[in-house]
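There are two complexes below, and they share chain A, which is joined by chain B in the first and by chain C in the second.
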Partner chain A sequence: MRAFLFLICPLLLFLGCSYLLPFLGIMQLSFSDPDPGLAQYRHVLSDPLTLSVIWRTLRICAIVTVVSVIAAYIITLLWVRGRPLVRSLTELCIMIPFWISVLSRAFGWMSMLSNRGLLNTWLKDLGLIDASLQMTRNEFAVVIGMSHYLIPFAVFPLATAIRNVDERVLTAADGMGASRLRIFWQVFLPMTASGIIGATLLVFVFSIGFFVTPALLGGGQSVLIAELIYLWIFQIPQWGMAAAMSVILMIAVGGILVLLMRRYGEVAK
Partner chain B sequence: MIRLRPGRIATLLTALVALFLLMPLIAVIPVSFTSRRYLSLPDGKYSLRHYRALLEDPAWLDSFLTSVQVGLIASLLAVVLATAFCIGIWMLRPKLSGVMTGFVLLPMVAPPVVSSLTLYFFLTRLSQWNDLIAYDSLGGVILAHMVMIVPYAVVVIMVSLSQLDRRMDLAAQSMGASVARRVFGVILPNVRFGLLGAFFLCFLLSWDEIGVTLFVTSVDTITLPRRMWMGLRDNVDPSIAALSVLLILVVSTVIILRAILLMRREARAK
Partner chain C sequence: MASTTQIEVCSIGKKYGKFKALGDINLGIAEGEFLSLLGPSGSGKTTLLTLIGGYDAPSSGRLLFDGQDMTNWPAKQRGFGMVFQGYALFPHLTVAENIAFPLKVQKRSKAQIADRVAQMVEMVGLSGHEAKKPTALSGGQQQRVALARALAYEPKVLLLDEPFSALDKNLRGQMQEELRRLHRDLGTTFVFVTHDQEEALALSTHIAIFNHGELQQIGTPEEVYERPANRFTAEFLGDINLLSLDGSTGCLAETAIELPKTIAGQSHLAIRPEHMRLAADDDAIQLPVRLRDRVYLGSKSRLLLETSGGEELMLYLDNDPTDMRPGSELRVAWDARDSFAV
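After this line comes the complex of A and B, so read on.
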């Protein structure tokens, strides 16, 4: 019992005081600041401006999820099943961006896409365009930057699923004369479905609370939920609204995570 | 043995994805050599002024030191708390261990912006009582980082404990070793690499942390990512290109060296 007190309790106490209690405080604010009751929630879910931010977030996150999972699937395929040299090279292409700070990566996309950036300069030198294309401070840049950040996260669940594919099944399909394309669509892809679902949910959860990349590459033009919460705290203080939005976000993400765990629980059985 | 290798189309598509992944890392290199004050390509004139600015501007050095300090202290405290917790769960296997572990992993799975708001709320309240652990103070940033990195330490240490043979601990127990003796004499020496790994991961996470730091600091305690953010948000400062090039070089070197070492080891094993 004393061991319990000395070993387990410190961390529980630490997180209880500095995470759980303040979160309960946030919940309380969401029901009381400035009006008691559900007024803040009603406002968040009915105000046209807020609703447009929520829709934009869902739309961008959906696009980002699809792009990241497809790109990750392609590169994971070669990472897991390629020849040894190809495997090493793809691993470097996945791991180097993964370990580089989100700020450097966002800045990299700014250097690439901005008016005086690499892409515009190239296109002008080639004579394809006369004036710079506007490729930052819009949703396009946000989708590019977020997908770039999230691809490595989609790779890991996909790699597990692709590693677990039973080679004998593929050999059997091959032996019965199925074409390579048919083997991929009708045998290989369905066998990795659990990885695809896992990666999709994971990337979506990560993308929905994303702050840094959209704020930098969107340049205030395409505000997402996380940036809206930031604005509600530091620009136009509206604690109650920020709190209500956070609670909604937490519930949404919690729901998706429960789904994810159930899914993996079934697979584990 | 794999018989069906990915074909030409898959290889081509992978090359495109790989290009996409590496593109922004390459794009910062020319920008870092521009001779102008704003984000642009060097048109014929290459300059090292932005690299010099990194060395000469005391603000960058200050932020570097702040980041190192925060990273070391937060990681050390997080690893100590996580180690005690994990060993407690492993030795005692209490009834609610699943619930307790789930609870300590919460900051890892919650949306970062919610954690940021929560910690901002907490630290502004604490500021009314003390100056040590408060909004925009070193203590406050350390506490916020600890909350965010402690779940990762728990995961790494749990994995390393799960590979430990329980019978060693039982043998020590049956020979009358006290709890302290079992922890310090048997368990800790056997998971030391796990602890090192956890510390390393924690430091890297704290070093890169920006979401929460943005909420809990303003002008007094500025970590390196926070200063980068300031240079990106207002008017884009090419010094950040120079800094990014340096960070990318360090990360790439470490990862490529690791890959070469692993390949050599594999070759030797054959």
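After this line comes the complex of A and C, so read on.
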């Protein structure tokens, strides 16, 4: 046991220096700049503009989580249970995004969705629309961009759960006369609940801190928490506010994690 | 009861690629029968069960159910109950919900389902466990849930794939008794796959013995045990003493003991250990042997013997104070009607 503690020391030291110390700095900032005390927190939690950003963040992240987990579920089904060719193609499609930076992806989506982008041009050429559809600089674009980034992360917890499904249970349900639809909704889906919970948690927690994608695809029209913190640090310096917001964000994420793990820890095991 | 043939297996064969899992199987299963498909692993017994259940399609041959061709019916159309190896319970549902599942599929009324579930829980002795998830149950209890679920919709045939293989010996004995009771009470046809000879002998009304995808013999437990059709069956069902035959003389090899029966073309004479005894003076057959070892088993002893030709024999002896040491010269005897040539 002692040897174990000794071996883990360097990691603790590294985390302490690179994570805990700066975090304590932020904490200190949030309680002192510019006014000592809870003024910054009071302001963050009462200012209508800030509150609307928090609300928008939660809403967009919830939508992104639902979209990502549903899309990832379908992709994972193809990957784990598809025919060999489908499997390898899907695997490629899951892996490739990992090699592309978040910045290039955001620009990629902009060239797809912008007013004179690919999608609008095609739709016009096909005569389906007359004027360009507004698909960037709004929440739609943010949801698309964030989901695209997060889907692969949802795939892995889902894949573990889907691989663990005992084929015989499905055969048994089929033999009892259950339709494919019933087998999916009442047997397969519940049997993969642990994966769905894991993927949901992971994606939601990831999405709350998103910065680049919403900043670019939202075009300043749908500011999320991370972008607000950025603004308070670099554009209109209010470091104490930024620090308070960061602490709130962190506590919220931590709280959600603890709550969900308490609630579903049994299932997720 | 066991008069009409319910399921007929006609020239059924199954190939997986080039591997022949089953070759040309013919057998009939009567209504209310308890048929065990017995054989070593890889003998094709489970394959035949999945074909009968409709979970896989045969490569050749036909399956009849009450005279109708059911070869192409999917499992759900056949409506047989099935207890899978490993039970295949729904892990996210409680005991009661597991049993109710097939009934809900059949769209029975809530009241009917509740009644039936209660009845099944009672029947398999799981009262008080209705609200538990399968993971909270012991292996034996999970087994009971699987049985209850398979029997809930009153199938005409119940298929069981090595249902007791995961249970320890005591529990296995108890479950065997319960299965016998269920079969007796319900009168449902049971088709039971096992590799355990004793289990098959104890439970079945009929046993079909498989090896290498071929049906070796089918008959009542007494028939297959007392009159095995071939050497495989003889050796597979319990212990057996084999003595080489001299084809030209019709005698036991290297002895002058003549056998009263026609044994043409057979290579060995087989006698079950329990039919062999130490010879008394008036016994017709007397084979000299040497005692190699005596194993004390409590209520009896097992004697390991060797003939002059070096063949090993075994017999059981009720314990008596006789002090026999390894190396003693003895004589063994058996009644001619208890021996058979293989």
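Heads up, the rule we're going with is that the second predicted complex is superposed on the first by the 242 of 269 C-alpha atoms of A that agree within 3 Å, B and C clash if a C-alpha of one lies under 4 Å from a C-alpha of the other, contacts with A are read in each partner's own complex, and residues count from 1 in each chain.
Heads up, the rule we're going with is that a residue touches a chain if its C-beta (ideal position, glycine included) is under 8 Å from a C-beta of that chain, and two chains touch if they have at least 3 such contacts.
Model, not experiment: these values are computed from the prediction.
Superposition of the two structures on chain A leaves chain B and chain C fitting side by side, clash-free. Legend: residue contacts after superposition of the two complexes on their common chain; A:Trp99 is shown touching chain B, with no touch to chain C. In the superposed model, more residues of chain A are touched by B than by the other of chain B and chain C. Aligning the two complexes via chain A yields an angle of 90° at the C-alpha centre of chain A, spanning the centres of chain B and chain C, rounded to a multiple of 10. By the document's definition of touching, neither partner reaches A:Glu139: not chain B, not chain C. Once chain A of one complex is fitted onto chain A of the other, the partner contacts of A:Met176 are limited to chain C, with no touch recorded for chain B. Contact with chain B, but none with chain C, is seen for A:Leu77 once the two complexes are overlaid on the shared chain. Once the two complexes are overlaid on the shared chain, A:Asp33 sits clear of chain B and of chain C alike. By the document's definition of touching, of the two partners only chain C reaches A:Asp166; chain B does not.
When the two structures are aligned on the shared chain, A:Val187 is found in touch with chain C, with no touch to chain B. Superposing the two structures on chain A brings chain B to within 9 Å of chain C, judged by their nearest Cα atoms. Common to the chain B and chain C interfaces on chain A are residues 171, 174. Residue ranges on chain B touching chain A, taken from their complex, read 1-7, 10-11, 13-14, 17-18, 20-28, 30-31, 38-41, 81-82, 84-85, 87-89, 91-92, 94, 100, 103-104, 106-107, 109-122, 125, 143, 146-147, 150, 154, 179, 183, 204, 208, 210-211, 214-215, 225, 228-229, 232-233, 236, 240-241, 243-244, 247-248, 251-252, 255-256, 259, 263. Per the touch definition, chain A reaches chain B in the complex via residues 2-4, 6-8, 10-12, 14-15, 18-23, 25-26, 29, 71, 74-75, 77-78, 81-83, 86, 88-97, 99-112, 114, 116-118, 121, 148, 151, 167, 170-171, 174, 180, 183, 205, 208-212, 215-216, 225-226, 229-230, 233, 242-243, 246, 249-250, 253, 257.
Those residues of chain C that touch chain A in the complex are listed here as 53-55, 75-76, 79-80, 82, 84-86, 88-93, 101-102, 105-106, 153. By the touch criterion given at the top, residues 166, 168-169, 171-178, 182, 186-187, 190-191, 193 of chain A touch chain C in their complex.
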